[in-house]
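Presented sequentially are two complexes of subunit A, the first with subunit B as partner and the second with subunit C.
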Partner chain A sequence: MDPAGIFATSFARDAALVRTRPQQIALALFLVFLLLLPVLFGPRLLAISTLILILSVVTLGLQITTGYAGQINLGQAAFMGVGAYTTGFLATKLGLPFWLTIPLGGCSAAVFGFIFGLSAVRIKGFYLALTTIAAQALFHFFVLNLPWFGGSNGLTLDPATLFGFAFVTDTSIYYLCLAVAALMTYGAYGIVRGRFGRAFVAVRDDDVAAGIMGIDIVATKATAFLVGAFYAGVGGGLWAYFVRFVAVDQFTLFNSIWFIAMIIVGGMGAITGALVGVVVIKCIQEGFVSLGPSVVSQFPSIGGDVVFALMNVFLGSVIAAFLIFEPRGLMHRFDILKRSYRMWPFPY
Partner chain B sequence: MIDFLNYLINGSLVGLLYALIAMGFIVIYRASKVFNFAQGELVVFGGFIVWWMVIETGLPLVVALPLAMLLSALFGLIIERIFFSRLVGESAFAMVMVTIGLLILIRGLILVMFGPQVRPFPVIFSLKPVIIGDVLIPRSLLVGAVITVVVGLGLSWFFNNTRAGLKMTAVAEDHQVALSMGISVKRSIAFAWALGAVLSTLGAIIYLSGKSLNFLASDIGLAALPVALLAGFESIAGVLLAGLIVGAIQGLVTAYVDPVVGGAVGSVFPFVIMLVILFIRPTGMFGWRTIERV
Partner chain C sequence: MQAEAAIRARSGLKGMQPVLTADRLRMSFGGVVALNEVSIEIGRDELIAIIGPNGAGKTSLMNCMSGFYRPQEGRIVFDGEQIVGRSVHHIARSGLARTFQGTHIFPDMTVVENIMIGRHMHMRSSILQAFVHFHWAQKEEMQHREIVEEIIELLEIEAIRHQPVGALGYGLRKRVDLGRALAQEPKILLMDEPMAGMNNEEKEDLARFILDVREARGIPVVLVEHDMGVVMDLADRIYVLDFGKMIATGTPAQIQRDPLVMKAYLGEK
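The block that comes next holds the complex of A and B.
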């Protein structure tokens, strides 16, 4: 809902993502903050920020598959892994530059995800979630047993280079991830408010009704998996260049579950929700990790691993609490707040 | 030939163990329409309760095992009380997502309470194998198989023939309809979780007897999925047959294909079976034909 006095007088205005002057200013300030972040933050916070950007890309994909199209996907980490391994393979064995390997990683992940999304032809709901668990198991098997991926040793990458400039430092890789993440976020906004996004939402809300309205349900579901897996693959490619080491245990079922947790907390069915979820969950995790040692030194009776375990307990309860009390996540709360602010002093 | 028989029988018995774990899935599904992703964590939690009772507090087995069952039933009830009793009437989607939250939560609880170390699990069934002719069978699997069959047939009778069981079946059909028929959805879900937790503990006892235990043992929850799927999520007796089939195939594949390919085909094969089932016949062998197709 727009604030009072804002009227779209042209189609371009009505379709605009950024609708008001304060929003433009806020977005500009946020972008400036992101650009200046390497100057403002120390190396550790910078690394966390880079990680958040990478995970944002992956979570955006999951948001499209699960949040918009309503297909539960427990294989997002596997899709990310396919992207990371493809990127690693193309970069080390064929020596392709990163601006080719990352999109190709995304494409191979998309194909992998599409195959599992195709099972939507026959089944729906939680049975579909089970095929994505199978995707997770098969990914591990293939990576460990096919000869090209270094088996359990993993792959080690050279840094990404562009016109002789190597992305070696934390700052340079941060800007690379920022550029890709910004592009992918813009793309996600484009997808979800376009024809495909509307089809996703229609299928999520009621697939029978959507079918009657002329939406090809199977194609829509498969497309949702395709797009979501592409995002995961691109995130995986970035991950490969960020860590410069790809191993199979970086992409477990447990990681997939974390991605789901992120969109639950952030809010399903909102692009910003995915980003908020990643930031909130990652900050809580890192908060526990960095506060843990000082807590342990204060109370030596609790061991260091207990802090990590407590983090799981806390986050597990947070997820359950969100599902029970606010299933639509933080973004929905924020929208309610914004709406009542704009309405004030009228109740509706 | 004797090798073949060995692999076949041992595989089938392992399959029956999977069937017991799968029964935990099915009981919860059958009485509450919730697919429980945290089943593997329930197994590990049950295992740790048994370990704590027997090794840490040193209770004799006769006391410890029933007490462990009781405690895990209580744990199931607590889960229901805290999470699922608030979600009656909500979509099944929310409930299943809560089980994903539970997965993280229970794993954290296990790490807080028992730590990440590998613990020796008490020897509950003697380690001496049973030898029939030339066939060597681990005793725990054999006893476990008998228990599984008895429990499976008993539960199947309960859900299909008694008034209480049929009430729960109605809940699995549709929460709203069950509520309007005067059936307490809440009580049904509570019972399902208590029973699911007890079955998981039973599974842990048979699976882990004489082995070592840490939080990674929860993988068995996923290994049991293909069995539950092959049976169809509603059939309790069917899961026995499905377990035998999946177990036997897995045993033979592990024995004969793994050395050829040089990899863990056996451990991934159940998932291939699962995919094939999902494509060909999503209801499984004995499931209700209520899956909506699009």
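The block that comes next holds the complex of A and C.
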């Protein structure tokens, strides 16, 4: 709902995402903030911000597969790993530049994800979710046993280079990730507000009605997996250039569940929700990491494992708490607040 | 071919090319015979009603025609194409639209988005074009939005176009459901008990829209309905099912006098 006085005069305006002057200003300020972030923040916060950008790309993919198309995916970390390993392999063994390896990493992850999406031909719902766990196991198995990926030693990458400029510093890799994340976010908005986004939601909400609308349900589910895995692969590619080391234990089932937690917290079925979820969860995680050592030094009796243990307790409780109290996530709460602000002083 | 000609002669549609023909459908669930040698034929500009007591097989017939069920025997020819065994979305894409008993509408989407879903099969942009969302995808979106707006105008739901359908009343939901089917630009429209659970005013509105659809768009309509008043007023021709058998067909006046129909509905004397 638009605030009073805003009228769309064309269908394009009516479908626009940024609709009011304050929204334009807010978006511009946010982009300026992102551009100036390396100047404003110290190295640790900058590294966290880069990580948030990378995870945002991966979570956007999961938002499309799970939030929009309703296909629970417990293999997003594996898809990310496929992207990371493909990028690492192409960069180290074939010496391809990053602007080729990252999209190719996305494509190989997309193919991997598409295979799991195809299992939607025969199974759906809970059982499909279980087969995506197999993606984790298969990924682990293939990486350790195929000869090209360095086995358990992992792959070490050279920095990404563009026209002789190497993305070595934290600031430069931040900007690389920012550019890719911005592009992928724009693309995600494009996908979900067009015919594919509507088909995803249709398949999620009512597959009988979706079929009678001429939507091929299996193809749509497989496409959702394809797109989601592509995003994961691109995120994996960025990860490879950010850490410059790819190892199999960076992409575990545990990470997949964190991604699920991010979209639950942010709000299923909202692109902005995925971004919000990543920021919130990552900030709290980093809070634990920062606070942990000081807590341990104060109370040595509780031992050094407490940070990791607390993180797990937090993961479990945040998922449970959100599913009970705020099942549609923070974005839904924000929408309600926005609506009542615009309606004020009327209740509805 | 001969059988088809025979059915045509029986149902009084001589010379007219039917848009949908079901020929001796047979379908049973275990021991229950839902459809027994049911044949039906719908002409290019007809409003057909299918009536019958509960459990007569009306919805089974609908489900066979739209591809949800696969009859064990018999064939269905739609627009010159045999469709038994085809997938639901394939049949929908070849021009068969259907509304459901109750509503199968997407509650989280707005009215516009719901009707845009009906345009899905006519849209061509690829996932890459959607990703770029500039020029092709956006232009296509706006073209189809224009068609959707025409339907919104026809159904008089302009004021609620941006409301989520889940928040609407039942009568309006049914109207959106009809709009979504119209957006498919179907060659035939099947409606399964559109009037069930409506008050008189809502029924009158919907009846008016069904007549509008048929006159303005020339779409043949098949109506499964319990409300005899509606059926007798709207339908050109009526088929009567009882225990899976087609017991009568004819104009509303003929059906009202038919002894078999009276027996099925009122019992024997």
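As a working rule, the second predicted complex is superposed on the first by the 348 of 348 C-alpha atoms of A that agree within 3 Å, B and C clash if a C-alpha of one lies under 4 Å from a C-alpha of the other, contacts with A are read in each partner's own complex, and residues count from 1 in each chain.
Criterion: a residue touches a chain if its C-beta (ideal position, glycine included) is under 8 Å from a C-beta of that chain, and two chains touch if they have at least 3 such contacts.
Remember, it's a predicted structure, so these values are computed and weren't measured experimentally.
With both complexes superposed on chain A, which partner does A:198 reach: first (subunit B), second (subunit C), both or neither?
Second partner only, subunit C.
Considering only the touch criterion stated at the top, classify A:131 as touching first (subunit B), second (subunit C), both, or neither.
After superposing on A, A:131 lies in contact with subunit B but is clear of subunit C.
First (subunit B), second (subunit C), both or neither: which does A:313 touch?
After superposition on chain A, A:313 lies in contact with subunit B alone.
State whether A:12 touches subunit B only (first), subunit C only (second), both chains, or neither.
Touch status of A:12: second partner only.
For A:281, select first, second, both or neither according to whether it touches subunit B, subunit C, the two together, or no partner.
Neither partner.
Once the structures are superposed on A, label A:253 by its partner contacts, choosing first (subunit B), second (subunit C), both or neither.
It touches subunit B, and subunit C stays clear.
On subunit A, which partner's contacts cover more residues, subunit B's or subunit C's?
B
Go through the superposed model and pick first if A:211 touches only subunit B, second if only subunit C, both, or neither.
Both subunit B and subunit C are touched by A:211.
Across the two complexes, what residues of subunit A are contacted by subunit B and by subunit C?
Correct list for subunit A: 208, 211, 217.
Along subunit C, where are the residues that touch subunit A in the complex?
So the residues of subunit C touching subunit A come out as 66, 68, 87-89, 92-93, 97-98, 100, 104-109, 113, 116-121, 123, 125, 127, 130-134, 137-138, 141-142, 145-146, 149, 162, 180, 184.
With touch defined as at the start, can you tell me which subunit B residues reach subunit A in the complex?
Within the complex, subunit B touches subunit A at residues 35, 37, 82-83, 86-87, 90, 92-94, 96-98, 100-112, 115-116, 222, 225, 229, 261-265, 267-268, 271-272, 274-275, 278-279, 282, 291-294.
For a test of understanding, state which residues of subunit A touch subunit C in their complex under the given definition.
My answer: residues 1, 11-12, 14-15, 186-187, 189-191, 193-199, 201-202, 205-206, 208-217, 223, 226-227, 269.
Which of the residues in subunit A end up touching subunit B in this complex?
The touching residues are 72, 74, 119-120, 122-127, 129-131, 133-134, 137-138, 140-141, 144-145, 207-208, 211, 217-218, 253, 257-258, 260-261, 264, 303, 305-306, 308-320, 323-324, 327.
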